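Notes follow the structure.
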Amino acid sequence: MAMEERVDTNKGQMKIGFIGLGIMGSRMAANLQQAGYELIIYNRTAAKAEELVKKGARLAKSPLEVSQKSEVIITMMENPQAVEAVANGENGFLNLSGANRLWIDCSTVNPSFVNMMAKKALTKGFRFLDAPVAGSKAPAASGDLVFLVGGDERDLKEVQPLFDIMGKKTIRVGEHGKGASMKIVVNMMMAQAMVAFSEGTSLGKSMGISEQALMDVVLNIPVSAPFLSAIRPRMENRDFTPNFPLKLIRKDLQMVSETAYENGVSMPSANLAKDIYTRAMSDGLGDQDFSSLFGYLNK
Amino acid sequence: MAMEERVDTNKGQMKIGFIGLGIMGSRMAANLQQAGYELIIYNRTAAKAEELVKKGARLAKSPLEVSQKSEVIITMMENPQAVEAVANGENGFLNLSGANRLWIDCSTVNPSFVNMMAKKALTKGFRFLDAPVAGSKAPAASGDLVFLVGGDERDLKEVQPLFDIMGKKTIRVGEHGKGASMKIVVNMMMAQAMVAFSEGTSLGKSMGISEQALMDVVLNIPVSAPFLSAIRPRMENRDFTPNFPLKLIRKDLQMVSETAYENGVSMPSANLAKDIYTRAMSDGLGDQDFSSLFGYLNK
Amino acid sequence: MAMEERVDTNKGQMKIGFIGLGIMGSRMAANLQQAGYELIIYNRTAAKAEELVKKGARLAKSPLEVSQKSEVIITMMENPQAVEAVANGENGFLNLSGANRLWIDCSTVNPSFVNMMAKKALTKGFRFLDAPVAGSKAPAASGDLVFLVGGDERDLKEVQPLFDIMGKKTIRVGEHGKGASMKIVVNMMMAQAMVAFSEGTSLGKSMGISEQALMDVVLNIPVSAPFLSAIRPRMENRDFTPNFPLKLIRKDLQMVSETAYENGVSMPSANLAKDIYTRAMSDGLGDQDFSSLFGYLNK
Amino acid sequence: MAMEERVDTNKGQMKIGFIGLGIMGSRMAANLQQAGYELIIYNRTAAKAEELVKKGARLAKSPLEVSQKSEVIITMMENPQAVEAVANGENGFLNLSGANRLWIDCSTVNPSFVNMMAKKALTKGFRFLDAPVAGSKAPAASGDLVFLVGGDERDLKEVQPLFDIMGKKTIRVGEHGKGASMKIVVNMMMAQAMVAFSEGTSLGKSMGISEQALMDVVLNIPVSAPFLSAIRPRMENRDFTPNFPLKLIRKDLQMVSETAYENGVSMPSANLAKDIYTRAMSDGLGDQDFSSLFGYLNK
């Protein structure tokens, strides 16, 4: 591919399409806008686009309009069904031929789905990067996300300036699908660390140790994942406003479960974690932060 | 208790008894010796005492001889049965009345056992601290252990110089038994982090990501317990020389299981981890480092 | 629907299509043939059709030919993908309009898939029954299967004579999909009973009880699922010739897992069983009978 | 041992000691009384002895008085601590030397404890049989228990008439401890069958199948343990009056867990079951029948 075919990330000239304006997407898009990029945005619930529109973003009537009017399309959807809908559904943005657009999917979706999407994109003349993120609401807002990218190295290089605005680090894991693959491993680790910590504190408290003493020790010894320290104040205050909703980590664990099944890998501990979050969800915690599991097991 | 009854940790005058010279104990004792303390040592297998004897330690013929000739007795045993034997068995060191010795038990044993020992010690006129350690062979050798202490604050203050030689940090968790309680929480966290990491990498590899890429990403994102980074080289080289033998972490998980049973706490994930280590042990890994689980699940 | 539109199960006049001639299907088809029905059969591997062809069955060149030439089409496939392929793939049997055929799917597939197939069938003018079976090779051969049927009561009544030949009992569970739903519950129970029995005997043997004594007692007290007694001789002889291959019970447990996820049900024990079978499969037992788990855990 | 030293089970002349008059013990003792045996009974809570005393039993003031005045002592206690207390505690019945009593322990306690008790009994000149029972309140009342016996064959023969009154079947599993060993295997199977059934019905109901249809099918196919059919009416009526309290099956699963630990056996499914019952207990079901788990998971 000749360089002149590549998109130009020079801010003055480049238009970025952004689809999916939830907790994460709205903040990522705002950072791009803030940095001077012109945005064409789409969201199923148009109300969520208001803030960006006020500051100059153009609201598209359909995903297709987004790809018609932008060189790079970024999607940040909740699940494979939603990605499928905006990409391949009626007026999906892939219904545009010969345009050499670059689609960056930042959604956390399962690797086999990503591989399928990558194929469809290439067939339609789109280039593709899977670029799920490590990090939740706060780093999305401050531009401190970590991107785990799968796809062509040159494609990544081309849009690196965008990743640099939205995040603090971009790691190319490998070819198409490898970003998504790495992402579910990362989220599985996070999910399990929360389970272990929640069980551990419940045991500790049953032995008469205070919650504060437990946190003082356990979170300051290298046996605990550092993200737990970061959210300690919220756990202590039982403030479970969603940064990363519990139902979404459960979704990720289901992807882990399906991928493990497809690949013949035995993962009893990850699967058990899924069932623990499922129980919490059936008790009404699905829309709270996933750290509400801590509160759930430490009443 | 009047101050004059307290032991004097002034190096020139104080004698320290040390019982249990395994992987950990031998290194802890060596640090005390190195710092100038006079040691009276005992080990079931006398051969393990040779190095210390060469450098001036006195080898006792029985645990009782240790308490007869020292003001502070430190024990570092593998399990409650072994603690029981040296303390209360024939010629056990508690068979000495009215001596106002201070016994520091650094073994990782279950809290209900510790409480029982504390009572026996007090009955015999001994003072008692439970002081299990966080850290394995390397920090034991370099004097970088963390002590989790249960017991009287003044008793701790008195022997703080000894803890400062053997470790880098001493945390008083609470009364008798609370050090042991905190310790099993810590080890449970460590055990589970290893299980999650080992399952996660096996999943990642099944999706075609290299072990190196997995470690590069997962260990550098705050979802992983930092101790995993510290032992990364050994895991990569499949060097499972025991720092913390797998059979001992399994033992600790059994304590967790028993304590959870006694206290009516449901800990499915911790109990599952126990069974995963048990399987590894029945496949011959009991005497290897507990990180051999990584190799076991990532063949 | 007027009665005259209904198929006539009078043997002399009715043609039955049968697709899928594996362990189960070949035996079920043979029973229909033996009872006097004219068969039109299809199998991806034509060699498996030989025996039936010798005795008068007609071998179709495609699934479509089967529905063109028969009033009732029975399918017995290994998984949803295989059902999808013969029904909707190129030359799939549903590509026939206005014919009022009755399709009976005896495959064990997940309920949400069945509901989708039922809809597609109805759209194409086919009637539909999901009719998975309880029972494996032996009852398939002797005509002693139990059918768990979902669908219209009149449709079931119409083909009851066929079920009566292939099985000893037909239970209408409810509307479309309910046969499939009940089936995965039944197989989950079977899978778990085998896990419990295998763990129980391994514990018993570790305590010095002989395998024979364990079976004598445990299998003759009402705590054991009766199917275990039926396969006792094969377990004792470690004869794991597949009646119900381990990889298929693992597949069923994955359906349970997916359905539980979709419906928000926490099923830790069933999910753990899946991982136990997965491990056995990764150790090479996938094509052996699922009872090889007993041998696997009782070496 | 010469025959003349053996006890005489001839009703007119033999006195039976019975200690432990809970749900099971009170019914077993009543059957012996009903059959004409003279009873000397002891229970920590004397009130529970009233019914038997009214009908002629003699209430002892201590366990020791029981062994002083009877040839055979039967114990039916809730846990090892309780057995230990009546046997070896102050005024324990083993504090009687040279009397050649025969002690039958019907409690469900862990095998390593039984072996220890057997040794103590022999040392004190008592003979010993471990004889835990399969069956709960109803068969205890009707004399339909199954006894799983460990110990000397001749000792068993001697008291066979007593077992024949209290039960319908006596199985000698092997030497001392083997009855207890078999018992925990049996109870583990029962515990797991209840978990599988409860999860299975919750899945089935989430798919829209009625509880009745599920029971009609699942309980009448050989994948279900027959005891489930026996208690079906009570499960349907959510009548969880304790025949076998949930806290006791949890206790048995803890014995399984400890024995598996001691013997190096991996039993993830049994251990998970323990945690499921623990959760039910911490939600208040400990004193209800263990089948209340069904109600707990099928709200």
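A, B, C and D label the chains in the order they appear, each numbered from 1.
Definition applied: contacts are C-beta pairs under 8 Å (C-beta built on N, C-alpha and C of every residue); 3 or more make two chains touch, one makes a residue touch a chain.
Since the model is a prediction, treat every value here as computed from it, not as a measurement.
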Interface copy of A-C among C-D, A-B or B-D, with over half of contact pairs matching by residue number, is B-D
Between B-D and C-D, more contacting C-beta pairs sit at C-D
Here the gap between chain B and chain C, centre to centre from mean Cα coordinates and rounded to Å, is 54
Rounded to the nearest Å, the gap between Cα centres of chain C and chain D is 41
Where chain B touches two or more other chains at once, the residues are 260, 264-265, 267-268, 272, 276
Per the touch rule above, chain D residues touching chain B in the complex are 254, 257-258, 260-261, 264-268, 271-272, 274-276, 278-279, 281-282
Touching chain D in the complex, chain C uses residues 111, 134, 146, 148, 171, 173-174, 177-178, 181-182, 184-190, 192-193, 195-197, 199-204, 206-209, 213-214, 216-218, 221-227, 230, 256, 259-260, 263-265, 267-270, 272-273, 276
